[in-house]
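Both complexes below contain subunit A, partnered by subunit B and then by subunit C.
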Partner chain A sequence: MHLHIIDHYQKMKSPIHRLDGRVKLVFIVSVILSCTLLPTNAWPAYILLFSVMVALILLSDLNIAYVMKRSLLVLPFLLTALPLIFRASEPSIITYTVDKITITISQGGLIRFTSLGIKSWLSVIAAILLASTTSFTELLLAMRSLKTPRLLVAVFGLMWRYLFLMFEEVERLMRARLSRSGRDLSSPRRLGGSLMWRAGVTGGMAGSLFVRSLERSERVYNSMLARGYDGEIRSLEEPPIQSGVLLWLIIAVAGLFLLVIVTNLLMGSL
Partner chain B sequence: MKEAISINNLSYSYPDGHQALTGVSLQITSGEKVALIGPNGAGKSTLLLHLNGILSGTGNIKIMGLEPTQENLPIIRALVGLVFQNPDDQLFSPTVFEDVAYGPIYQGLDKITVQSRVNQALDDVHMREYQERVSHHLSLGEKKRIAIATVLSMQPEILILDEPSSGLDPRARRELIRLLRELPQTLLVATHDLLLVRELLPRAVVIDGGRVAADGDTAEIFSDSFRLESHGLELPT
Partner chain C sequence: MWYSPRSMHIPDGFLSILVAVLFWILSTLIVSLAIRQVSQERDERKLPVMGVLAAAIFAGQMLNFAVAGGTSGHLLGATLATIIVGPWAAILVMTCVVAIQALIFQDGGLLAMGANIFNMAVIGVSVSFLVYSILLKISKGNRWGYYAGAVIGAWSAIEAAALAAGLQLALSGTSPANIAIPAMAGIHALIGLGEALITLGAITFIMSTRPDLLTSSSQAVRGRSSLWIVGLALAVILAFLSPLASTHPDGLERVAEQQGFIKLAQPSVFQLIPDYIVPGINNTTLATIIAGLVGILILIGVSLILYHLRHKTHK
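The block that comes next holds the complex of A and B.
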């Protein structure tokens, strides 16, 4: 029921939606790669990429507030980069000394952290743009015709198919648990049991889900074998990309490449 | 007689816009044994999920006189034992004991009471010796009976079962019917098993397209095979 949690795709008819899936995939992967390769402290380049993303979002008729809200997904991952702030490299901004431990927030660390944050955020926006304008089946087709290893595409495809089933299974489990989470009028005690007990129950649910998924995977595999699966997934050929679109794609990717080279030459160390 | 379930003009549509229930009204008195029959997708399960407040549509529902407000929901969930179609959804603990004890422990009952509730519930379904078994390894028939025990341990007033006999072999089905006959609670059973209905449940409610199509004496409803078939049902000869 809550499938929108995993499926971002919005059925619309903007120019971006109509664009060949392969073109979008190559372009977005290039954007993400460029974000990774840009040096720290390259603010003009970040702003440029951000403007490109906003322009594309506007062109695709997506609600910009929706995309921004979704992109907050990056926040928890930023925590892993948090230690960068405290990595001492001069000049330091703030220095705390508690007992014998000195904590330093350095300017270099802060800049690296912020840069990393912005780069990750831009990558997530790019990924959301792709996922919201391209249906998953189209993405799979694109990956397949771009010669992504077939096994990998098959894994993505099956994962997508069964993720929904698993979600529904989780929902039914939670529903069954909720149904038995009642209150006895004769018992004045606190509802819900102890924290440890609840953690145990949740663990049991996760375990049961795991065992059932494993069993299902065996049944699915058997049914694939029964239909002649031999490890190779075959599909129909895709038509070639239109030459006009292809030209634009080459220009865009070359532009990104140039941006990375120039910013690295000007601001970073190659 | 006290009213166990009272539904007035209940309508519900799913978030995707699909209208599942339209103007459903149904009164069930305490101790009644009622069947809920109808084709797949008629709205049977959706209706059942309203009876302990997991879904909430528009209209009036009262369970043992209680409206499903936020305050009352925990009480209603203890009063209504809902047994789901797939027992695997209901059995999520490592052992049978822990599954049956979930409800009582959640209610904050003390250890001795929990143990006696579990014993009682397992006795009711004739599975006392299964306490330490692993739920996952049981047969479907055994799982269904344990699933019933997991709600009996909360000592509900109303027992609601979704497709209790589906997938059971004849012997397991026979045992289930015997078990259901022994239970004193108000019973509402959604099922396609019309023979079970004829044997066990004197009142039948036919639901089709999210509406109540017929409600009355089981024998009377079953005597009209033309009407049954018009709702996608068929009584085996």
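The block that comes next holds the complex of A and C.
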């Protein structure tokens, strides 16, 4: 049994990977922002953004099938927007009446639902692109230079350092539980123990994970002290962003901005 | 098994820009307040504790137990974090968990992160803190206060966060209020039960191995009142606003319209017509209140039974 919690960062040498983390963070956040700001029914703009994303994925040597598979994460959440389809706004496509209940599928609702799904999906693709081409350390540096509070960045850094250790700790706990749990093959649907008992066991696992992590943090603190920690995390100054790259970033963000404005002017009044 | 997304992490695109920005501002304010509070304590130990605990909570969310028919109960951890490191540090811990989930695992959006942080870190922690400290006060340091505080705190934190997420979706015009709010509340009443049971088990374990962790933090829990008020205010607002919004969805939309929310959110095609027809949901206030009462009754019953069972095995 493996949980396969892997870092989605893929170490490669593509131009996108080599790009400054700050530039990537700003660009991807602007892409997501413009996705949200685009009006519904703006298919040309969606296609344009999608092709930009595909181009960037190809340029970054990522496996496109892998990115697409991961981007389907967003699907389950679409359920919450499903009621939009049934809003009885004109013109309706299908009206279906059973007894006294009328179910209407409206064109406006359907368009809005699909647009929302696509916009959300594009945002997820953009976020995957960022996470798989930027190492966490680089993201941390980018966050720091974009004025994220130092304490928060320090917690991020420590959290990331111990995250995979903790995943393995959980994996060990779950393996231990599995190896102690018999299974009745004659009735595989029957679960061992009562529900309360199972919940109690899992709670004990969570409790032991917490106690272990606190004890680990005491050891971490001691070793930090031994290395001269005085309550302050220090790091080197970030080098300035190369002017050429900065120019491209400004052009790209301005392009996105223009896209949002033009689409809203053209399509917004429909 | 991939890291599986949770229903409470709102992805990008589901919130209107105004709602997203509003909650970014709110969360930024409260998180920076938490940073200031934690730095004022001048406890150098806090940093490694918060970092490792954040990692443990993220990893601990993989812990699950089978409920029935392939569904399972999970841990989210806001209540445990609140009990162990106190509310302000817990807000920072949960903020980091939510941020990493969004940044690296795309669980929850980047633009929607402000709202997600608000739901899971601010509401989750302050509501757990409120319930937990009230029960510690009532029980006057008796053990049952810790257990009851953990159980009820965990359940109400999940429920409050879910209600907030439902309200945000409704306010964004993504999902009508009379569907989004009862649906989120209903699903999370069950998810909250799983959370409550795991939290109870964890607290029982910690009480038997490292009781000092609980008793030392309970001293700290008693000392702070400002977050207590925040928690109470949030709980009251959610408790009143959500049944109201779900029975009068057009009311919420009228507010949204007046404030220009909806115009900004959807400048195009969609016309607001409040009379959509959905089968099965008639009197939602009543349903929400009954569901809440049933949930609380189940919870009290379950915790009493579990308490007695544990008591018996100890003898």
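In this section, the second predicted complex is superposed on the first by the 192 of 270 C-alpha atoms of A that agree within 3 Å, B and C clash if a C-alpha of one lies under 4 Å from a C-alpha of the other, contacts with A are read in each partner's own complex, and residues count from 1 in each chain.
Convention: contacts are C-beta pairs under 8 Å (C-beta built on N, C-alpha and C of every residue); 3 or more make two chains touch, one makes a residue touch a chain.
Everything numeric here is computed off the predicted structure, so don't read it as measured data.
Look at A:156: by the touch rule set out above, it reaches subunit C but stays clear of subunit B. Looking at the superposition, the partner that touches the larger set of subunit A residues, subunit B or subunit C, turns out to be C. By the document's definition of touching, of the two partners only subunit B reaches A:172; subunit C does not. Look at A:35: by the touch rule set out above, it reaches subunit C but stays clear of subunit B.
By the touch criterion stated above, A:10 is placed in contact with neither subunit B nor subunit C. Contacts of A:208 after superposition: both subunit B and subunit C are touched. When the shared chain is aligned, subunit C comes close enough to touch A:196, but subunit B does not.
In the superposition on chain A, A:114 makes contact with neither subunit B nor subunit C.
For the contact definition in use here, the residues of subunit A common to its subunit B contact set and its subunit C contact set are 169, 173, 191, 201, 204-205, 207-208, 211-212.
Residue ranges of subunit A in contact with subunit C, taken from their complex: 3-5, 7-8, 28-29, 32-33, 35-37, 39-41, 70-71, 73-74, 76-77, 80-81, 83-84, 86-89, 101-104, 108-109, 111-112, 116-117, 119-124, 127-128, 130-131, 136, 139, 149, 151-152, 154-163, 165-167, 169-170, 173-174, 191, 195-196, 198-214, 216-218, 220-221, 224, 229-231, 233, 264, 267-270. Within the complex, the subunit C residues that touch subunit A are 1-3, 5, 7, 9-17, 20, 31-32, 35, 38-39, 42, 44-45, 47-56, 58-60, 62-68, 73, 75, 77, 80, 84, 92-93, 95-97, 99-100, 102-107, 109-111, 169, 174-176, 179-180, 183-184, 194, 197-206, 209-210, 213, 266-271, 273, 275-279, 302, 305-306, 309.
Chain contact summary for the complex, subunit A toward subunit B: residues 1, 169, 172-173, 175-185, 187, 189-193, 197, 201, 204-205, 207-208, 211-212. Those residues of subunit B lying in contact with subunit A across their complex are 14-15, 49, 52, 54, 74-80, 82, 84, 86, 88-94, 98, 102-109, 136, 150-151, 154-155.
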